[in-house]
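Please go over the structures that come below.
Two complexes, one shared chain (chain A), two partners (chain B, chain C).
So, the complex of A and B:
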C-alpha cells in the first residue's frame, strides 16, 4: 500500500497544486534536514581546528543561567508601561526624617517678606551705598554699542532654527497657530548673559584678579538648615555661578558692639562701609511679617526624598573658591508666570542657602566671625533683578538671638523696553519675524542696567 | 486614462502628434502665455538704411575662462550670472532667489505636478567613509598641504604664553575636573531598565560635545579678554557657540554621468549642501591677510579629479533649500572669519573611526570641508558668487578638537566657480593642516599631565593674527549701496529674506508628512506671498522667471486684453 505522500505523487496530475496548502503541508509534513559536517578524508588525519560555518554558536540563542534575564517589557519603547519604583525604595529616602522642600518651583505667597521671615533677613530695597557710589565709575569703551549688538545677535542674527513651542490664545482655546522656527528663548538668554559676563571680564587688563574667577554652568546645589526645629531643604540647579578666589567683603561691618570685629582693617573700611550706621538704624525699625496663625513654611511641601549635607557644585581644589555671584536664569515661559515678589523671594532663599554653605565650610565650628556676602542676579528675557545678601548669623533656632541677615534688593531693571510677548498670541507682534524686526528697528536700550551689572561684577577686585 | 499617465511616453507621443492643437507641446499659449499675436499693420515704417546695420557678432565664448564647456552652455551660465547681478540689488534678495531657483516649479503648476525642491548631495564636516580625502578635495577644488604656513612661526608669543598658561590650565580644570554634574534624583540609582548601548552612546556624545563647546568657548573668551586691552578689535569680535554653518555650491560633473541631483540649469552639474555646527566661532569685520598670492604656483596646483560618485563615500541626497549661512544671518556686519573651532568628539563614534592610519586623512577632509563651506558662505554674504569670483582671497583659521586632541588648519579660498569644468579652473583653494597634537594626556588628582605648550602657542598665534584694519580695496565690489533705496524696497528686501530665514528648511522627512498644503510647499507659498505683497517692485525690477506662481497668474491676467482694447489695438485700416 503506498503511503499518502506517494499516492500524491502518483496522482499528481489530478491533484490540486499545493499553492495555498503549502503552509499546512509544511507544518504537517515538513522536515528540516540539518546539514551535517562532513570532513574530507584528506583532512581527517591532520590536527586542524575545524570551524563549522553551518553550526556556529548562535548569537541570538537564549543566554545561559549566569546572565540575568531582563524582561522584554523593560524595553525603552514600553518603559511607560512599567510602574515607577515606589519612592520609599529610593536609597536616598529618609524614612525617619522629613524636610520642608524649597526648590526652584516653590512660590512663597507672601513673597519677600515671607522669605525674610524664613531666613531671618532684613531687606533694603536699594543697592548698598558702597556699590551705588561705584556705579558708572568704571566703563568699557563702546560698552553700550556692544551690549546692543549682543541683543541683536541673540534675537535677530543668530542663525539657529529650532522648533519653537506652539503659541496659545487663552481666549480661543481651540485656535492653532503656525509652527515657527527660530532661536529658542533659552539660547537667546544665554547669548546675552554670557556675552555680558565675558565683556565684564575683558577689564582683566586692569584687574588681573578677574582671571582667577571661574564660571560654572548648570551645577547642583542643595543644603539643609534647621529653623525653630523644622528642617528646610533648599535644592536647585544653578545655571551660572561665578566664583572668586577671595570672598566678598561684607557691606556692613560693625553690626553690634558685641559681635564681629573683623572690620577693623582700614582698607576694608574705605571700600565698603555703612555711613552713619544707616542700615543699622533701618534694620532696627524693621518689623518681620506676622503671619500668625499661618506657619511661614506653609508653601513648602513635606519631602522625604532628599540628599543630606551641603553641595556647592564643584570639587574642592588646592586654592579655595568662594561664590561671588549666582545668576538665576529663569525658564519661565511668560514674564508674568510669577510675580517679581515671588522671584525675589526665591532668589533670597537660594542666595541665603549658598551663603550658608559657604559659612559652614569656612567656620565649621558654627561661630561666624565675619559675615559672608554673596550677590545674585536674576535674568529673564530682558528683565534683571540684582540682590546682595549678607549672612550675619548661623543661628536660626534661638528666639533670643537678635542678629539678622541683610539683603539689598534692586528689582525690575529692564535691559530694553517693551519686549512684546512671543508666547501668547499677540495680534500686533505675535511672530518671531516681528520680534526680530522690532528689535532691529525700535530697540530702546537702557544703559543703566549694564552699569549695575558691571559694578556688581567688579566687587571684590583690587 | 491609465495609458496617458503624465509620466508615460504615450502621453508625450499623444501630445506631440495626435491631440488637439491647443494641447500640443511647444505650442505657445499653453506653457508660456504670450499675449495676443497681433497682425502686422500694413503701414510699416520706413526702416531701410543705406548700409545694413547688423548686430555685433557675439564671440563664441563669453568673457572669462570656460574650458571645454559647450559654448551655448557657457553663454547660458554667463547670462544667468548677469541677470542675477543686474536685477538683484541686495545680497538678501540673491540668497532668496538662490533658494527659490532650486524649487522644482518655476511657473504655475500647469503640467508640473512635482513641486518640491530638487535633490542635493548633503555633506557635513565629519567624513563618513575612509579614504575620502580625494573626494572632498575634488568637490571643493582644494589642494591640501600637511603643515601650517611658515609665517606663524615668526610670531613671538612667549611672554603672553607665560601669562595665559596658568589661567587657562585653571579654567580647563574648573570645567573638566571641578565642575559637578546635576543628576536628577530619579537617575541616581539603577532602576533595572533595559539599556540600549547605542542610545547611551548617543547621549554620551551629546554630553561630550556640550563639554567641548563649553571648554573651547571658555578658553577662547579668556584669551581674547587677556588681549582685549592691547588689541581693541578683539573686544568687538562676534563670538558664538554652536553656530550653524551652511553652504551650497554646484559642481561640474566633468563628463561623469549622474542619474540624480543634477542642477536643473545645466545637466552637467550637480550640487552640494554643507550643514554643520561650529562649536565656537570668532568673527571680525575686517579680513585676514592672505597667505599666498592666488597667482602663485602653489595655488595653481591642479587638484586631481575623483571619478567616484558621492554614494561611494556615504554622501547621499536630500531635498533642501540651498542656504548660505556662515554662522549668522546676513546684515550683522561681522562678516570675516577669525577663528572657527569644531568639536571632533564624533570622530571616534559611529563608523567614522576607521583606523589610526586613517585618522589624519579624515581630519584633513573634515578641515577641507568646513573651511571651504564657511568661506563659501562668507563669500556669498560679501556679494561674490559662483558667477563672480572673489576679488581677493578669503582666509579661515580652523581648529578641530575634542578638548584633549587638537588639530589646526588654515584655509585660503581663491575660487568658488566650481560649476565650470575642470580645465577652466586654473586656481585652486589651499588648505594647510598641522599634525594632530595632544593638549594633555590625562587628568590626575586635579592636574593636567603632560601639558603641551605648542598647542597654546599655535592658538595664540591664530588669535594674534591681526586682520587688516584699513584695507585699501573694496571689500564688497558687487554689493550696491542700498542707503538711497526707497523705504518700500528696503522693506521688500527684508521681508523676502525672512522667507528663508525663519522657515523650516525643506528636507525629505519634512516632505513626507507635512508636505503640500494648498498645493505647494510652505516655502513656495511664503515666497508667493511676499512677491505678491510687493508686486510693484517685482514687476518693475525682476525678470519673470523669478515671479513665482501667484505673480505669474496676476501678470497674465493683467496682460490679457479685453475685447474692447482688442478692437482698439487692431483697428481696421483697410
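So, the complex of A and C:
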C-alpha cells in the first residue's frame, strides 16, 4: 500500500492544488506525455516509416528507398540569415574573360572625343537640318503657359513634404545647411518630364500613330560589344524609354557613294544644298583623337561579374517595339558634379548600346542594310541636352573599315535661367524657400527648348 | 597645405578649365587616310626633346591603332610594399603620418581617394598623447602616390601622359595624374608640368650622360653633374625618400666609381648607388613657405593647436647655432628589417597562460 506522500498529486479530483510545492513534486514525479506519431488515415494502407528526429531510428524499420532528403542550401527566402557568397562563387562570375565595364557613373576624362573613339562615331555640334526645318511648324495652343505652370508645380505647388537630404557646398567644408522639408528632386523632375510627354501626346488627334507608343520606366539595359579585341560592357537602369511601332528613318542616307537605302536613285554628284552631302563633306575633316600612351579604356574598370547577352527591358522580342528616345534623368547628381562633356559622352555610349541591340535583332547576319537611328534627351533641373545617333556599321575590329556612325549634339539648353545654386557665392541664398520665391516671381522662360523637344518627339510620325 | 580650404573649388574649376582648353592634343594622322600608325607626331604641348636617338622598332599588332608603340608596365607599389617598408602599418590601419590614419588599405594600387581618420596626437599603441599641438581641423582625403618610378632597363623608355594636376590635402607639393595604357597613377608634380605633357622613365645607364628634361625619371648615373633633381631614393627599389616636399630639390655634385654624391636641401651630402631612380626638376608649389595664414583660425583648420609660450621659461636652445658641416652619409644597399610583430620567445613569462 503506497504512502500518502507518494499518492500526492495523482488523484486529481481528490486533491487540492499544489501551489508552491508544484515544482518539487514535478521534479520527482513529472512526466511528459509524448504524442504518438501515427499515420493519417489516407496513408494507413501503405508501409511508410516514420522518422522521428528526436529519437533513435527504429532498427526494424524498412530501408529508405525513396530519394534522400537534401537540405535546401541558399534558398532565396533565407538568404538574409546566411553570410553572403564571395564574389568568385557567384553564378555570373566569369573566370576566363574579364570585361571593361561602363556604368552610369563612369567618367571619361577626354569627354566626347574619347567616347567617339570607343564607338567609332563622328560628332556634329548642331541638330540635323531635317529636324531644324520642322522646329516651329507644329505647336500647341498655350504651350508656353502650360510648361511654366508645370515648372511652378514641380518646385512649389506640390503637396509632398519630405525630409530632403542635407545640402553641402564644395566651396566650404564646414558650412552647414539647415534641415529642409520639401519636394524631392526625383519628384520634381518626373513632374516636369511626364507632363511634357503628356502634352506632346495630346497631338494624337492629328497623328494617330502617337497612340501606339509606350513609355517604360526603370527598365534594365545591358550589352557587350568588342572594340579592337577588348570587350566593353554597358550597363544601366533606364529611367524613361519611349518606344514606337515603327523604327526611325535614317538622317544621312548616302555614305561615300555606298547605297544603304534600297530602291533610291543613284546620284553620284553631291551638291552643296543636299543635306546629306553637307554632312559627308564635314565628316571627312574630323580626326579621331590621338591619346598616344593612354588607351581610351583607361577610365573603365575591369569586371568579371557580368551577364552575357543583350537586354532591353522587355522580355519577349516583340516585333513592334523599337526604341524611339531614351531620357537620361539622374536624381542624385547636382549640376556642378560633372561637366557637360562627360555627360554627353555617357549619353553617346548608351544610345550606341541600345542602337546596337536593335541592329543585332533586326540583322543577325552582321550586315546593316538600313542604318538605325535613336534619339536621347538629358534632363537635370532646367538643363537639357539633345542627341540624335545614327548607327551605320557593326564592325569595330577592323582598322581598314572607314564607315563610322554619326552623332548630332545640341547641348546647354536651359529651360529657365535663374536658378540659385550653392557652388559660387551668389546673393540669393540657396534654400528651398528662396528657390520657390525666386522662381515663382522672376521666371525667365526659354520657349525654344520645348520646340526642340516637340520636334524630336514627332520624328517618325506619318 | 592651404590647399585644404580651396581644394574643392580648385577641383571644381579645374575640371571645367581642362575641358574648355582641351586637355589632349590632336595629331595630324587621320583614320581615313593611309594607316600611318607608327609615326607618333605630337606637336603642341610637349616641350620634351630627348637626346636618345634610338630607333623604335617595336613589334606591335597593327590591328589596334591606339596600342602602337606603347610599353606597358604595372604599378610597382602595393600594400605589401607598405607592410614591408613602413613600420607604422598596423592591423587597425595605416598610420601614414602622426596626424592621419587610413583605416583600410586595399591589396592593389588604386587611384580613388581615401577617407582618413585623425589621431589627435595620440600614440596608436598606448593611447596616450604623444605629439603636442595636433588636433582638430578639416577632413582630409588621402591620395596614394606612387613613389616608385621604375623604368625598363633596356630599350625604349616608358612614356606617360599627364591627365590632371591637383592639390592634395596630405602633401605640400602638387599631385599629377599620369596614365599609360590602362593604368593611371599619381606622382608628385614638378614645377613646369602642364596638362598634356609627356613624361619618360627609363632604367638604362648609357655611357654618355643624358640631356635631362623636366619631369623625366632616370637613374642617377645617367644624369650629368649639376642637374637639379627630386624624389631621390636611398637604395634602388626603395621609393622616393629625399626631397619630397614642395619646392625642394637636390643637386648632383660628384661621381665616384659606381656611386654618386648629392647635396640634399638641408645642405647635407649623401652618397647613393648609381641605379637609384631620381626625377629631374624642382617640385611644384614653390611659394609654399611664403604662405601667410592671415588669422589663427586658418591654422586651426589645418589641424594645428595653439602653442604655449607666454609664461614659459626660456632657454637658449633654439638660438644662433653655427654647426660644423656634417660628413657625407654613405648608404649601402642593405635593406634594414622592420618587423611589425614582436614575438615573445618565452611563453612561460606570459602570466595569463
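Rule of thumb we're sticking to: the second predicted complex is superposed on the first by the 345 of 462 C-alpha atoms of A that agree within 3 Å, B and C clash if a C-alpha of one lies under 4 Å from a C-alpha of the other, contacts with A are read in each partner's own complex, and residues count from 1 in each chain.
By our rule, contacts are C-beta pairs under 8 Å (C-beta built on N, C-alpha and C of every residue); 3 or more make two chains touch, one makes a residue touch a chain.
What you see is a predicted model; the values in this text were computed from it and never measured.
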Superposed partners chain B and chain C on chain A - clash or fit: fit
First (chain B), second (chain C), both or neither touched by A:455: neither
Which of chain B and chain C A:174 touches, first, second, both or neither: second
Which superposed partner A:287 touches (first chain B, second chain C, both, neither): second
Chain B versus chain C as contact partner of A:399, first or second or both or neither: second
Contacts of A:298 with chain B and chain C, given as first, second, both or neither: second
Partner contacting more residues of chain A (chain B vs chain C): B
Chain B versus chain C as contact partner of A:437, first or second or both or neither: first
First (chain B), second (chain C), both or neither touched by A:131: neither
Which of chain B and chain C A:326 touches, first, second, both or neither: neither
Three-chain overlay, closest Cα atoms of chain B and chain C, distance in Å: 21
Intersection of the chain A residues that touch chain B with those that touch chain C: none
Residue ranges of chain A in contact with chain B within the complex: 70-72, 74-76, 79, 82, 85, 90-92, 140-142, 146, 149, 152-153, 156-161, 163, 179-182, 191, 194-195, 198-199, 201-202, 204-206, 210-212, 214-220, 237, 305-307, 311, 313-315, 317-318, 432-433, 436-437
Sites on chain B touched by chain A in the complex: 167, 170-171, 173-174, 177-183, 185, 188-189, 191-194, 196, 199, 214, 217-218, 221-222, 224-226, 228-230, 232, 235-236, 238-244, 246, 325, 327-329, 331-332, 446, 494, 498, 501-505
Touching residues on chain A, where the partner in the complex is chain C: 109-111, 113, 117, 170-171, 173-174, 228-229, 284, 287-298, 336, 339-341, 397-400, 402, 423
Of chain C, residues touching chain A in the complex: 4, 8-9, 11-12, 15-16, 19, 23-32, 35, 37, 40, 42, 62-67, 69-70, 138-139, 159-161, 163-164, 179-184, 198
